[in-house]
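Each of the next two complexes has subunit A plus one more chain, namely subunit B in the first and subunit C in the second.
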Partner chain A sequence: MTTKLFGEPVRRREDARLISGQGRYLDDLGPGALAAAFVRSPHAHARITHIDVDAALEVDGLVAIYTWEDLPAGVCEPLPLLIPHPALTHGRTAYPLARDVVRHVGEPIVMVVAKDRYVAEDVCSLIEVGYEFLKPVVGIEEAVSGAHLVHEDVPGNVGAHLVQEVPSADGRSAAEAIEAAPHTLSFRLDIERSACTPLEGKGVYARWDADDQSLRVYSSTQTSTSVRMALAAKLGLPLPKVEVIAPDVGGGFGVKIVHPWPEEVLVPWAARLLNQEVKWTEDRREHFISSAHERAQVQHVRVGFDDEGRVLGLSVEILHDHGAYTPYGIIVPIITSTQLLGPYRIGAYRVEFSSIYTNTVQVTPYRGAGRPQGVFCMERTMDKIAQHLGRDRADVRAANFIQPDQFPYDQGMIFQDGRPLIYDSGDYPESLRKLKDLIGWDDFPAQREAARAEGRRLGIGLGCYVEGTGVGPYEGGHIQITSDGRVHVSTGLTSQGQGHETVFAQIAATELGVPIERVSVVTGDTRRFGYAVGTFASRAAVMSGNAIALACRKVREKALRVAADALEADPRDLEITDGVVHVVGSPSASIPLATVAVLSNPLRYAFDEEAKRATQFAGAASMDRPPVAEGEEPGLEGKDYYSPIRSTFASGMHAAIVETDPDTAEIRILRYAVVHDCGKMINPMLVEGQIHGGVAQGVGGALYEKMVYDEHGQLLNASFMDFLMPYATEIPHIETDHLETPSPLNPLGIKGAGEAGVIPVSAVIAAAIEDAEGLPIDRMPISPSDLYAIRRTAGN
Partner chain B sequence: MKPPPFDYHAPTSVREAVEVLAEVGAHGKVLAGGQSLIPLLNMRLAAPGHLVDINRVAGLGEIETDATGVRVGALARHAAVERSAAASLAQPLLGQALKQVAHSVIRNRGTVVGSLVHADPAAELPAVLALLGGSVRLASVSGEREVAAADFFTGPMESAIRTGELAVSAFFPAWDGGTAFVEVARRHGDYAMAGVAAAVRLDDDLRVTAARVACVSVGPAPVVVDITEACGNQSVASVDWGAVVAAVQERIEPEADIHATADYRRHLTGVLVERAVKAAADV
Partner chain C sequence: MFDITLIVNGVPREARVPARRLLSDCLRHDLGLTGTHVGCEHGVCGACTVLLDGEPVRSCLTFAVTVDGHEITTVEGLAGPDRPSPVQRAFAECHGLQCGFCTPGFLCTTTAFLRDNPAPTDEEVLEGISGNLCRCTGYQNIVKSVHRAAELLAEEPT
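Entry: the complex of A and B
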């Protein structure tokens, strides 16, 4: 019987629990806890003149009301700027409760703790906050004019400005290369705001143990270890006295990697102060107006190219709307700037971005994290080149591809991990060939003409991307095989539904030769694993997957050593199958891993029958060395870390066929095809699931979702009634094909897959609509009303 | 997202319900399916002092059908009316419209009469009632009155219902011709950016002898337009659609919102008028 499960479409082990109501999400915990609620700013930009709580004090069930002035040192400081960068010269973060000025609708001002959430919200409604209005800065154009400032001490509203330039092989700058090129084009592109919108919002539940002087915090987070360190620092607690656990988390998509959120600091602080359990569960409106958004950029592009469509020089200026604060640094525009290059060899490249403050919700990474914008820019550029030259759009891309024999390929830039942007492996021509086959690229023109003859408008588009995944610095894995033969796997990063319980168990079962049923996986619990970074950047499988494999190999080696002693065999002659160590070619000479676990831990006391075998008079031990030999440890246990030299680069290509209604301007996706390469697949079914979810979010971003602010900085669609997350009915069937180009950078040869699906969708849909309509589509998302307006402007 | 405090009443008869409503006056709000009211309460956009839950009131769930039309009781859920073969036979437009009302989970709780009383100009059922010339029956401590659709919808989210009154049923008259309901929404089940209900009657030579449409999302209330004259006594194939569309477009007052411009809604309504009338004539 084989236990080789790596690469198999094993069904998700967590689903039975999650789809039958057995999941334990944040709000399922602590049913008796006090509830927190927040008075949040209804204004986009204002100075707080006074806070009057008198009317609220009489409410039955009120426990406490806190404003900034009540916060002690540490807690009252601005929240951390998590990722500093030399170009972020004017980084700003919010106070956990507004100190004097509020800079977006939704910023927390007063914290209320009451016996339940109903009472807490009643209290909030009775607290009066006085405001002196300041001019709200909304929209990139208004912000860059610098007429009004979001932060008084940030001139021009520019938080960061970064130029990166990669000259051509013959030493030309992008400007020179464009100038000298046979063809040039200039244009502007726009991407609007969207957001992660996980179905479960944020949430924090804290218990202070006064006897033990310790704090336990549950948070719906993507990084429990880092929340723990932040809390210990903010609250002045010894690290060993703080435990942070991510329970089942109902989606993150990036927003929950930001930390500590104001509530993540305030709720544990209040729990300790009040010596009572306190919980805060974010509601949907709060999530819309006080978490984080992403995507909004304006891009000015200049490109020079030759007759084949080869890009000789590319210059992109990006205005990145960063909202009111920059807690996550400038990761998003850095990723846009670098990943814009995609699978292409560009002659010379110059990219410049300005990160602009506006009086809107802060911008932090959302699945794709700046890549959808970069890919939109590059793929629209490729389409415009093809159109200009009258060449096939796929051929223009192929003319620019990095070739399979050119890896590792150095793009000459610095990536988001601070390391060189060097692609490790890939086969872009083969991906394109597969994609063209899958969608029927070459046959489509005939199809389009036939439809046209019936009065129907069909169009096709494609888009390519490269995604740096598995960024460092590290993750770890811990394996313990207990004397019942069970394998306990833990890793510090967290899960938000990806299927880690399944894929990490597949890796452990394969490495150790045990049935997967005996493997259990724990993630995101600092009691089990204290050192970790977090779940983001499509890194969990690459980072923790490899760390777990390495830890398993250590444990396996030890198991074979202990078993070799017991079997009086050479460890090199042993293998583990179905949880039993046996001599190769001699199945009767065997010992179960459970027994090996017993023998690995020399005992003085026998607490059960099994344990007797490891006690001092059982006669199993050699008299020539100590019971625990030098360099050994008791127990069948091992830990290891994986820390990559740099990121590994996954890639993919999507194509879509859309139909636009000539009368109503409705846009329908008829077919959607994906070719995806994430190196060796641990579980192809889960990879497909990730792609499906990503494409669905991408379709949302292309056709439905946008944050609509008015000129006063009010978010007009802060609910799922008006923020149009697509339903299953809006998502086409997704056809997939895979390519496996192993990464040479890690032992398992894998690359990340989490974000991939979302990345090129806006570019692909825009291209397909453009093809159907014969009109340029330079702004996404696009609605039927938008398309109608474009047609009218074009006189169509 | 928790409602402010309110007093809860659970009457078991219409008599009891209207007595409570009379007593609490303007502070009372009736809860039936709750598909609009509960979100309004949770978002604290509405804060009635008294909630009068009529779900235990006997006799309000009936769907009565005869040759003259369909009478729908105040507790009849969308789903029940949608699934009623008798109702669909007597007035097919009900089923044609209900299919497009939100999603099945909402239709399982939401009520037809509740939708009428909510009087959202983007909703399907007010347009159906208005197109067919139906009526709503209102009860109060001083008795019952029947209000015609034309008088019932007085503005966006506003109806002729008075303080202390309970809508106990609505009547959808039969129509001896064809009907259709077409709409375009952003997502499946969303409120329509524009939608048109049509009722058409043809003579034996398939010429249009009567036609009218009701348009949603393009005015403060459903806009009913009689287009019989504009159809010019022609067969559907020969109708001058430009004239028909112009006749409708001159009556509607679309406004822009975050999902569609006024221009687009006007254009879309025109497209849907032609589609709806053709679909209705096909029956």
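Entry: the complex of A and C
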């Protein structure tokens, strides 16, 4: 290969269009489409008594108004419960438009279609909905009391209850191990709600082709293939008559993996019914009150440990607030309860969670997907152990690490993909060594003392995590080399800014030996690739990256075979450089891939000069076998799939130095350091970008962001004015270092990197503040007011 | 309804709009310039930032009728005749964007900022972009992009 592209900081191929305003996001499409808008519940829990549309009917430009009563079979049914689980005994999903009862502020009740969004919203404001109020259930404590129910038929508001227990090597239960341990601690931790809040909200745009009886849907989704299957099923359409395309998507972070959203069903349904294009673009308030949130948990922890700080037994009870509905099952608390173990080898572990209904927006994965809570739990535990024993916090962690020679390491649990939680590779002691060097861990006590002498409060904290990435079941890749020498790559999963067009092109160019300029990549378009799962769980590079590599290898092998025939050479003597197949050591004996593509498709008709080479009288074909030999296909193309035996486990460690103001309790991050191991990096520049973005979201979650519900179930800060997403001024400079421990599970040796940055941040910041203040920090996020209150409670 | 003329990226463009038509909607839906993005519609995120007579404004908080006859520059108008502007090139070079949704706002903001302050300090850069939200990049590479843009602008022939 002439150019090594895998592993290089190749500039993004997406950027040319995105910096010039030529991107195509959902709302940029369909300029002539009708607009949909929704009447949404202003109440958290109520029975709908009547809907009066009379006053709205006179509005000029109104096209249609729909309530649940208007919806046909299929469309009117509850939305799918996407990930069933035996422990989710009381899973409930919403109707696309509320039927009788609304269970959170923002639940859609009426859909309006009009000539534009202004008119559609005018109409919404004139529709009167009558409500009989029901008692809203807000907050985990209120919900578990069971005094009032979110769903009448769900006793105690408990949707799911799951226990996983791993005994110690000598067969003790966690309870026994804790009981017998020299030291024990028990405590409670609280984590509040936050949300993905991509800069672009959701949106869907549908075109019905009456002549073709087919439906084309564009959606700002993380899974176009699954939206397509859901739509075909809901609308009763043959699958080949439905195509779904994710255009440029303005960020996802998890919320757009949920599907089909009510609007994703209703807009295509209406477009077909009306035989007109219909589009809905979510506004910011809608996104806050009708998409999804995450993170809120209460954790009760009991831990037993020895004099070195080694954990002998750990028992965690988690109360997980999943909001009003459970379309995404119990994936988030499953991830919390399994990934809580981090890089540690602990004695006995028992985790129990209850997933609880409240009259709030549903909870589905947000970048990290339950891991930030699990890591908060484990890392707070490590810090408390260290403090109890008077030992160094890094040393306590090191005493518990799984060692490099212990891989594969079986944690004895079932992971979120239904497969064993077995870590494939890692080097945690080395990560810790790098982190301590990067942040200057050992020198910090002197720095802290020096600052204290000046009346300043500094603290340092660290946190470790392991992240299961690249979950199955599979992804695929398709490669076609056309007779102009261009390489067309497609994969079914979607992109929301990760740079897939770049990294997949790097992989294809490297595997095929072609210049990257000749490679184009399409993602998330079911016209190009119909089988896929989606983009979530830091899986895109692992899953589609490997599938594309495997597909390239098939195509390369075929190219060499066809070229060998043409060159009368042995395929084993050939290689491809710069898009040209040539005999090793004999550069003149060569044939461009473009010509190989021509020759690989036996022709009757010459459509251009080059094509003549492949026609039936050109004299190139062997008379001993059919033009397309048995087991062959015409064309220089190939497809393959990557389906891993189980997830691959990336890891990392972060450390921060913070300063807290002794008077105002303001919290400033002075330094932030990251050591990250995602196996072999395809493009280190993009990996760094993912880390930066993740850390920034983590800082938001640690210091600024929370969803504030009042006791009536009103979200009080449903705007960017009040929900404090960090600006550039709030994010510290992030210092990074990398380890590359390859995964043995996939051909490219890679692990996922998308979510990593966010995972340990709350734990790290809590630890640093605790160190600065000398006061326990057991809840996140923490604002200056919160810290001030903690100081006052402590009499400080 | 009002007939208005906006000078958009140097070209007079006519539109017939109701008084309540937001400038962002007018640019995007009446004039087809969809490079200007709308992230919050309440003036906080800065994605919709355009230059009004050279100064950055929130087009989602501006009624189109109020800027009749004025000069508007959108992201589509930043590039030079042959290639992207130094600010645009810097963002691509420094990986200053991921999903790209907030990017047009940052590009317009940065263009005006560096015109007024061609050699900013780190603090000044942070201040200069502190009215724009990005959820993807963590800002580090955006800050780097702004500094790089300043360098590229300094190298431009005047």
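In this text, the second predicted complex is superposed on the first by the 795 of 796 C-alpha atoms of A that agree within 3 Å, B and C clash if a C-alpha of one lies under 4 Å from a C-alpha of the other, contacts with A are read in each partner's own complex, and residues count from 1 in each chain.
Throughout what follows, a residue touches a chain if its C-beta (ideal position, glycine included) is under 8 Å from a C-beta of that chain, and two chains touch if they have at least 3 such contacts.
Predicted, not measured: the structure shown is a model, and the values here were computed from it.
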item: Partner chain in contact with A:Gln496 - subunit B first, subunit C second, else both or neither; value: second
item: Which of subunit B and subunit C A:Pro31 touches, first, second, both or neither; value: second
item: Subunit A residues touched - subunit C or subunit B, whichever exceeds; value: C
item: Touched partner set for A:Phe607, first subunit B, second subunit C, both or neither; value: neither
item: First (subunit B), second (subunit C), both or neither touched by A:Gly23; value: second
item: First, second, both or neither for A:Thr729, with subunit B first and subunit C second; value: both
item: Subunit B versus subunit C as contact partner of A:Phe133, first or second or both or neither; value: neither
item: First, second, both or neither for A:Val249, with subunit B first and subunit C second; value: second
item: Subunit B versus subunit C as contact partner of A:Glu121, first or second or both or neither; value: first
item: First, second, both or neither for A:Asp283, with subunit B first and subunit C second; value: both
item: Touching both subunit B and subunit C, residues of subunit A; value: 118, 283-284, 719, 721, 727, 729
item: Of subunit B, residues touching subunit A in the complex; value: 1-5, 39, 43-44, 184, 186-190, 193, 258-261, 263-264, 267-268, 271-272
item: Of all residues in subunit A, those that touch subunit B in their complex; value: 117-118, 121-122, 125, 283-285, 663-666, 704, 708, 716-717, 719, 721-722, 724, 726-727, 729-730, 783-785, 788-789, 792
item: Subunit C to subunit A touching residues, read off their complex; value: 18, 20-21, 28-29, 32-42, 44-45, 47, 74-76, 78-79, 84, 88-89, 91-93, 95, 97-104, 107, 125-127, 129-143
item: Subunit C contact footprint on subunit A (complex, rising order); value: 11-12, 14-16, 18-25, 27-28, 31, 116, 118, 196-200, 248-251, 253, 283-284, 496-499, 685-686, 688-689, 691-697, 719-721, 725, 727-729, 731, 733-734, 757
